[in-house]
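Look at the two complexes coming up: chain A is in both, with chain B in one and chain C in the other.
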Partner chain A sequence: MSVDTLSQKGLAVRIDANGFHHRELNRLIREAVAEGAQRIDLHGVCGQRYIATNLRSGAEIHIHGTPGNDLGAFLDGSRLIVYGNAQDGCGNTMNEGEIIVHGHAGDIAGLSARGGRIFIREDVGYRAGIHMKEYEGKGPALVIGGTAQDFLGEYMAGGTMVVLGLTLNGGNCHTASFVGTGMHGGVIYLRGQINDYQLGKEVGVSQPNRKDRAILRELVTQFAGHFGFDAEEILAGRFVKLFPLYLRPYGRLYTY
Partner chain B sequence: MKSYLPPRFVIDRDAERCIGCQVCVRQCSFDAHAYDGEEDEVRSYDENCVGCHRCAVFCPTQALDIRLNPLSYRPNANWRPEAIEDIIRQSESGGVLLTSMGNDKSYCIYWDHLLLNASQVTNPSIDPLREPMELRTYLGRKPDRVELDPASLSLKTQLAPQVAVELPVLFSAMSYGAVNLNVQESLARAAAEAGTLFNIGEGGLHRKLYQYANNVIVQVASGRFGVHPEYLDAARVIEIKIGQGAKPGIGGHLPGGKVTEDVAQTRMIPAGTDALSPAPQHDIYSIEDLSQLIYALKEATNYTKPVCVKIAAVHNSAAIASGMVRAGADIIALDGLRGATGAAPKIIRDNVGIPIELAIAAVDTRLRKEGIRNQASIIAAGGFRNSADVVKAVALGADAVYIGTAALVALGCTVCQQCHTGRCAWGICTTDPVLSKRVNPEIGARRLVNLLRGWSLEIKEMLGGMGINALESLRGNRLHLRGVGLTDSELEVLGVRLAGR
Partner chain C sequence: MDHWKRINNPYDDDKVIDACGLFGMMDTSGGRFSGVDAIAAISNMHERGNGLGGGFAVYGLYPQYAEHYAFHVMYLDEAARREAEALLQDGFRVALAEPVPTRKTRGVQDPPLVWRYFLQMRTQDGQKLSHDDYVLQKVMQINTGVRDAFVFSSGKNMAVFKGVGYPEDIANYFRLEEYQGYLWTAHSRFPTNTPGWWGGAHPFNVLDWTVVHNGEISSYGINRRYLEMFGYHCTMQTDTEVIAYAVDLLMRRHKLPIEIVADVLAAPLWSQIEREDEERIAFHTTLRQVYGSLLLNGPFSVVIAHQGEMIGLTDRIRLRPLTAAVKGNLLFLSSEESAIRLVSPQLDRAWSPMGGEPIVGSLDRPLGKREPVAAALAAT
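Moving on to the complex of A and B:
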């Protein structure tokens, strides 16, 4: 099957992913992009891994169903919109682009991402944003509408993470432990209640300042726009800023 | 706190030969020599000497003699000087003892207990000077069987991507940050000239080295430093680094001090911050997860490159290797107990892992038994010193070997184990811009190409002696090996008979 046998309208392409192995599905996506597709609608997606991996284009890919692990791994510039839940490793080592998930995401969302933006409407699993980095004015942003499991932002070396706590029932505390363990760069803005004992030893806590507020406003406004929330209502909540206390958390570990 | 550490070395300066030229002062990066302006005299400070012999080699009048300090502790088989000094260092600092290079302990070096065969009377030996000899090795997954189209006699079977090397010796992973760019460029140029591959390590691929992309193995390690689409596209082979022989099971901390602007740019992180590589890759907690990353990389590069997985040789290597092959690895790299490092906790380097000889034999045997040996090439690493070690490794079952320390020795390294200080006087394991200039990529490449040429001539001599004209025919051919001074169990694991049998 090739792209020309698919229903093709102008620059929009529809692919029925039902029954396709990831290798075949990605080949079709690459072909469509090579032929200039601006919008690709994938229907019937059911667990196929690596969708749109390493894709370098401005294309917008709408994913209906449940994509598998490593969605948009090494992504470099496309926009992926998922109408469903994402699994583990969404945005793994992402370089640029945008991933918008109308649902939950599994473990290690945004692992080692260096750029781009990831918006998750609801909750994420363990170790979200682990080892996110930043480089030459480029930094990833991971916005989580709900809450996260343990080791959120572990080893974080750069970028911005926002956790909005919208799925927590009326003022309930976040439950993640070891938040920001080993963190040595970047920043986490967390809306809602978290206790000191839930944080890693390398994490400092403060109130967001004016600059932080501006960053938050931008990201929350985008988040609200994607998922139809009221940005002002979210921003009115109570935020804390988590930041790394040391650039070199393990500098005093060794005897030379 | 007064240090109780005695000097490790003694510097003998022959006053009659010394002309006070201060070459030693300028060459030493550890401040073991200094010029006293008041007395107009060059003095030495034994306590700072690391025994790298840079000064002795460059002294124009051979006035310097560096000797081990003959410490007169009371002899004690248990409390040897090293044990005492390690305790002194820790009691003065409270830290994890850091060291570098490979395990220096006296564990059995099996290469020295294995002997090669030669043809006598019953089959002719081959003279490689006049007859063709084939050292070329193809790395990558081989099919279970090949099918030809009977009409055209062309190959019908679709082959997985293969990478040819002209001799079974590749340069091991050494990252930018651990070594400097001049060292990497020396390795890159030599690999290109000799028709082999160099491994860029986990610190990213510097812009300057993209021109050698045809010979580069790029690493994807737990820190994911410098891993981006262009990097993956440039590679000839992509290597997932799970572990390293010098430090199995632990991650790496490149200290912020070594992360210069240029290193930072290549690693794609801010300058001056620690580059922390977590111990595990957090998307790999199982063979199934490994498979996921292997296929993520294959998918990202559209199945055009072999994917290698590197592990440290540990107790269960054979079973793990089987899983790796089934997970989709096209090449598996095994790094043994004596594999080197730019920095590792001493306690790990000296006590964790198994010798590479046993690991090669165990893995090769296991994969053969399971009928999947053809599905992946094996690259062995960890302390290969000469071409005989290479030939023995191939006979045990490896397809090729990685050399790291041997390559650095060709560039001047004297294995003084100070890489972790970042002050290498030979300009190798340092990113200091002044020291780095001590390695000239053009001369460095020539030294490395010379080494590879010498080894390749020797390998051909050894093959010819056995009556073999292609390295291919020696692979896993353990009948060409005999053991000496080994127990029955050791011979059994190695799959080798005792000499005389």
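Moving on to the complex of A and C:
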């Protein structure tokens, strides 16, 4: 355990996370937020789980290092900015707020998210956006700058996912298989090539219409702003829209 | 093995659900280093284990006895030791027999006796068998025939250290910071469905093969019965044991390269095979017919090691995590990237391999600073 180096200067707080267990780290974050901190810088983060879990605040939390699994789980309105890579379960069941990752993310990014926005600059692992959901006007958005591994959008029930393919070389065909398996809500916009056999049986493909284009423009512009890309250049690429063919794909599976 | 429950799970908490932690670190140029980094890395994933098992495998460990088979054996009592040692004396020339040095450690309760032996074949021993097969036979003879004695490490110039406790406690108990090796693997256990006892801690070993595993092998029964036909008998009460025997059978005895072994253990799905050319379809169909009983069903990520090589592999739909990273000559494999960053903050490359794709580090193909992706290429 390192010494608590919490030092407060006005509304900005710096925490040296080195050696802290996640419980302690989250306690320090909560205390800083309660005292009105607008910006919290976490340094030396190395694998602490559940950072900023269930946090409701207007604060920006800048994370230097490698945060552990379930970063921002149940996040309820803060902005988390990671200068590095995120591990598995980033934005687990997130409700409000924003997570911005200047790197890649592990498996199940955005799982079961019900609101808020997640921007990943590079690639994501398996099952990104699994079972994201939405209700009436509320839904999450997950924007992936690179590409994804298999089971992207598995059992997706709502929300918006954008995959930009910026890390793909040459032929720019995505390699993920079983994309949208079990998908029954929400939408995936994918920039670049994908073959039909890479898609789950429950997925339809179409061209983005004008309404889709407006959504894409908003999300890509935000993405480009976070990471210093040219939004127009990205938007000029070829997008396909993946959508669920059925609202209850397994409705008859266990009945006669 | 009747008495294994005596030093079993001190928390009486056998059935809990979470994830184990894996870590592997190899200097592909063969440079030896102490256990300090591997211990720090695995303990950074403390959350993944629950103190019911920790362990390490170290290669390049006993250069002064490089040509001897190094046996690490746990005994639940002195009688078991006397009985097993009689068999060892009978079957080998014993160059050295001594207790494995330990220190008193909080968190390590009721340890068994752990001894090590450096063994050589006498000319008349096992003339009909290869040395390795002779040793394998002796290991199985002790593990199945001597009550309360378990050979849990039996390779050359390597060894396994393991027990019930968090890995950092086990490392402290066995004084692992005092040892050096060019390849370390480490495991933090969170037992699922099988008991947390000393023999059930990872790594699992036979000869110089070791496996650390996160997941559950639901095909354990069929794998175990298949391996019994080849003289492997499972005695450690845990699913992972079959993987150690499977790689010994496939890689040492059947001489298959890791790429084919990966296609056996984590076979591609039929829907993927269908899209291949005729020759590949025929090849994969044949593999399934011959080795279908060694297909590992269920979620797994593993780090497999043997002399000069470290291999990372996950199940074909990657239901358990694995991160690989390269820094200069070093290859890292870990359940979590943060554990790697802890010991090597700057990496040439860090990535998540695809399910079923083996990541290989080998002394035969040292990684260089100029070829940071050589490990990934070696795997394709």
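Things worth noting here:
As a working rule, the second predicted complex is superposed on the first by the 248 of 256 C-alpha atoms of A that agree within 3 Å, B and C clash if a C-alpha of one lies under 4 Å from a C-alpha of the other, contacts with A are read in each partner's own complex, and residues count from 1 in each chain.
By our rule, a residue touches a chain if its C-beta (ideal position, glycine included) is under 8 Å from a C-beta of that chain, and two chains touch if they have at least 3 such contacts.
Bear in mind the structure is a predicted one, so any value in this text is a computation, not a measurement.
Of the two partner chains placed by superposition, chain B and chain C are both touched by A:Arg49.
Of the two partner chains placed around the shared chain by superposition, chain B and chain C are both touched by A:Asn69.
In the superposed model, A:Ala236 lies in contact with neither chain B nor chain C. Once the two complexes are overlaid on the shared chain, A:Cys173 sits clear of chain B and of chain C alike.
In the superposition on chain A, contact is made by A:Asn85 with chain C only, not with chain B.
Contacts of A:Leu11 after superposition on the shared chain: neither chain B nor chain C is touched.
Contacts of A:Gly125 after superposition on the shared chain: chain C is touched, whereas chain B is not.
Applying the stated contact rule after C-alpha superposition, one finds that A:Ser112 touches chain B and leaves chain C untouched. Shared contact residues of chain A with chain B and chain C: 22, 49, 69, 88. Across the complex, chain A meets chain B through its residues 22-23, 26, 30, 49-50, 53-54, 56, 69-70, 73-74, 76, 88-89, 92-93, 95, 108, 111-112, 114, 127, 130-131, 133-136, 154-155, 157-158, 182, 184-185, 247-256.
The residues of chain B lying in touch with chain A in their complex are 89-90, 93-98, 222-224, 227-229, 232, 253, 255-256, 264-265, 268-270, 272-274, 276, 278, 282-283, 292, 295-296, 299-303, 345, 420-421. On chain A, the positions that touch chain C within their shared complex are 22, 46-47, 49, 65-69, 84-85, 87-88, 104, 106-107, 125-126, 149-151, 177-178, 197.
On the chain C side of its complex with chain A, the touching residues are 44-45, 47, 271-272, 275, 317-318, 321, 323, 336-339, 341-342, 350-352, 354-355.
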